[in-house]
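Next, two complexes with chain A in common: one pairs it with chain B, the other with chain C.
On to the complex of A and B.
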């Protein structure tokens, strides 16, 4: 709050923000609430229990799906972030900014169903071509390149997450002045050294945010993953499949809640640590910066 | 003649951006240990020339030689140059000491030696005690000193300064100008300084090069550029010169007669090639023009021309009289305030006179200078 701010208005703004967050998160809170009910969803009597959380670690199907999801999310992040970083760096230097942005953001303008089906058809055809070539020339290792599976799901998720990661990185990069890179080069740094020593430390928050964002997006994605995954299951495909066929099991509520708890805890910790760290660093720097404070 | 190659040499250097000709066949030699200033209007190409010397631009044609070695295709980190930027370009996530020692940390130098050198350099620029500050905790002048220290600590023999004082206030700029000059004398390396401020250029420069429209117009010592401009553009850009357009009537050897507003004035061609009938300009510095009541015009020595008084502009140390000649050319006479008791009213006819030797003759259009 500024010195001239009204405390009541200031409080109301925070209350409004809190209400919005609660409204957005209420379905998640409801799932968490159900996950602690011994009688499960829709039961008349609520009996608190932690048993469903014990059960999830014995549900092989759910654990396998979670493991695949994590592998897919991390692989997506590992590929999407460098590509987005390169794209953002290219955007800063190119004269064709509108075209670059259009190309990079174009996956956002296509609905997930259409993009997923288009990729499905594309990969099936591509796989047909590779299989044909492999058969014809007896190159066996060509035959399974584009069979539906981890690789195709990964490509689908990379196409999906690149626009978001690109925007998040670009926002942070917008504050970076290119002259600092030139100054580093003038000091004798190579292009890579100038990037790692000078530019990256300044855009690191954006890159890390993009990493977290990409993992969350890939973790939560259903349509593209479901169409392109082939034989394995992910966390969301298992949940949706359960809901459509038999209804969600109690341990599924527990698993969903556990994942949400972990995500909220990680993001909350990052925010709190960042705030506390920047505050304490600023304080420490102010103390150190007093002329004479470093003289014995 | 010495066989030592110049510290910096550009040969027919051109830089084009599509249709834009940022530099056109610029050739210049800068000796080791010289304080060389690139002076000119904004957008003239002086920063492009500096950045091409530093390796931040690749020349379209021509070459850059540093100490006789062609470095035209080398990146900045492979050249014996360092650079000071207009907008400071300090690394905000590093302390002052971190900034100054960054370049050394890229070498194999031991850490304690790096710290010692960086601290010595900070002492040289008057920033002892500020080692642990972050750039945002420093004033503009202090940030510029950190930049200087960061560049000088590298012991490179050519320092490029891109409008280093442009972001500072007027008084600080004056102080820093002298500091830069003294610093250059102390370290003895070549400084190439870009500015559009002629006072700044004249304070620091051993030699000045005028750059405009991508061309090197003229180069010489500060005194030559100010007192004996060869080109019309130089006369219009440096100092407060009166430029009067006219026609060359006769040329005989080094002597020329020019018709300005119906008055015949003598001027020296100083080796320039003219023929009778050429459109020419003469320039005369405003502080060399004396004024008198027009009734006294017959009794004054030297060139004399009659004009109409418009206004007096008080500038503190000096006062300028603004007058108009009969051919609509404007002319100014400047004198130290308080040293003239003359009072004129707008519309008064005034006699303007000066010594013939103070007149400079120029071609009406500036020619591209390619030494």
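On to the complex of A and C.
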């Protein structure tokens, strides 16, 4: 028997795997298909058009929401990634590994509505405390710190994205040999220099992937953002309110498709780049391990 | 050591604790406090400190409990379907795909996850509804003559939504779990003539149990907690804990929302405790040294 077993069953298993991926993606592909139909969903005749996409870019409310969503996503990324990096470094050295990983990964197991509700009440209480202290000691800038708005939505999104970024960075760090840092320190480098000059270049692909994941996750999130955002709208909250109030319009299909397409394109690019890089790294390592061997 | 370097060292130590402190303050603390807020007295628009079990009474003696139990039942079915459909993929990848390519294959399952859950759930409407993709395909193939109406706005619709939303997680956790099953074990099993059923029952499941359990808990808890699924795909009676909590917040009944959150947190901890006692979940992080 070969490593792959019976070639027919091997092929069938591959087919099954790809079928499941297609099944998971089919609703999204179907929405994309509808978004290009001039006659919309359920029409007897399919007429290709890009008009529904043009409508999106003339919708002022949607453009404002998109701008808020981008600001929120980028701010989330800018805070989540350094925190996740610090958390991964801490995890590597701490003795309390189980407790640390439990705390950092628990948000994965708490559903969005439950976490959003708990944070909403927490921030309302916190805002009450800050307002009270601000009033009592006449510190005006304290009063609006935790009022529902950008900051509270940002904190909710950071809590949501940290587990994902932490896992991606931790896995990448797993391939890094700590002895390299020790060698750099022994040569007189500071901790910061050892990190920026030796460790970071090696974990950079993982950090960049974590950045992309974080932005996409924050951009796509609805429930936590909706509960914690206060007065402004984001892309998903506009989309959901349109869908709930007027049903799935052709414009909703186009908006959903556009965002899905961008997310798939970003992640697809990362996957392809990662694969190409890991191939070249593996090849280089093979050559290093066997100096006499041929690269081919 | 100079004072300056002493300060730098102690600052550096504190910087690394920052994420832990952040998670303690903005995640662990609010989740723990849900139990405290759940016994507060409800006021017209908010709540005030006090001690009453009215919210729990409200939850456990009304139709909400039945809805919660029904959502648990539907979520359990979704977990089973995800396991049956997704876990063999994880086994196949670990067992048959060359080691260098394994992670790349699993990455394929990240793609659906990167599309907004909101869009994925809403996208199921045109797929499942009366003149949607599923009915259209089945009618074209001649399997049915009349469109099926029992898919969307029924518990079946919610279960389909849960399976399509969470199936990638069973592949990820299964893939992680399978690290505890070395490849040579399969070769030994093949040499001894064990059939697939026995390999699964006696080898794979016992060794990969912690990862399978973690993936199942994830799907189960999200199935009973994500309000969007019953809200969009279920009928008028389809309610889960997440929907009860958000409806309570809309009705300004904050203690009830917090009671539901506390019940969900307690359910999660109970499941993780049982899992830890049965399988020692720490081995997920270090499967090779099991």
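Quick note on the criterion: the second predicted complex is superposed on the first by the 251 of 296 C-alpha atoms of A that agree within 3 Å, B and C clash if a C-alpha of one lies under 4 Å from a C-alpha of the other, contacts with A are read in each partner's own complex, and residues count from 1 in each chain.
Operating definition for what follows: a contact is a pair of C-beta atoms (placed from the backbone, for glycine too) under 8 Å apart; a residue touches a chain by one contact, two chains touch by 3 or more.
As the structure is a computational prediction, the values presented were derived from the model and not from experiment.
Participant: Just chain B (first), just chain C (second), both, or neither: which does A:189 touch?
Facilitator: Once the two structures are laid over each other on A, A:189 reaches chain B alone.
Participant: After superposition on the shared chain, which partner residues are touched by A:256: those of chain B (first), chain C (second), both, or neither?
Facilitator: second
Participant: Figure out whether A:202 sits in contact with chain B (first) or chain C (second), or with both, or with neither.
Facilitator: It touches chain B, and chain C stays clear.
Participant: State whether A:101 touches chain B only (first), chain C only (second), both chains, or neither.
Facilitator: Once the two structures are laid over each other on A, A:101 reaches chain C alone.
Participant: Using the touch definition from the top, say if A:55 reaches chain B (first), chain C (second), both or neither.
Facilitator: Once the two structures are laid over each other on A, A:55 reaches no partner at all.
Participant: Look at the residues of chain A and decide whether chain B or chain C touches more of them.
Facilitator: Here the partner covering more residues of chain A is C.
Participant: Going by the contact rule set out at the top, does A:75 touch chain B (first), chain C (second), both, or neither?
Facilitator: After superposition on chain A, A:75 lies in contact with neither partner.
Participant: Is A:17 touching anything from chain B or chain C once the two structures are fitted on A? First, second, both or neither.
Facilitator: second
Participant: Can you list the residues of chain A that meet both chain B and chain C?
Facilitator: Residues 191, which sit in both footprints.
Participant: Once bound in the complex, which stretches of chain B touch chain A?
Facilitator: Touch residues, chain B against chain A: 54-56, 75-77, 81-83, 85, 87, 89-93, 102-103, 106-107, 129-134, 137, 147, 150-151, 154, 160.
Participant: Quick one: in the complex, what on chain A touches chain C?
Facilitator: Chain A residues touching chain C: 1, 3-5, 10, 13, 16-17, 20-21, 23-28, 30-31, 34, 41-42, 83-84, 86-87, 89-90, 93, 97-98, 100-101, 103-104, 106-122, 124-125, 155, 158-159, 162, 191, 213, 216, 219-223, 227, 236, 239-240, 243, 248, 252, 256, 259-260, 263-264, 266-268, 271, 274-275, 278, 282.
Participant: What does chain C use to touch chain A in their complex?
Facilitator: Listed in rising order, the residues are 12, 15-20, 22-24, 26-31, 33-34, 37, 46, 85-86, 88-89, 92-93, 96, 98, 100, 104-105, 107-112, 114-120, 122-127, 131-133, 164, 167-168, 190, 217-218, 221-222, 224-228, 241-243, 245-246, 249, 254, 257-258, 260-261, 264-265, 268, 272, 282, 285.
Participant: For the complex, give me every residue of chain A touching chain B.
Facilitator: That would be residues 177, 179-180, 182-191, 193, 197-198, 201-202, 285, 288-289, 291-295 of chain A.
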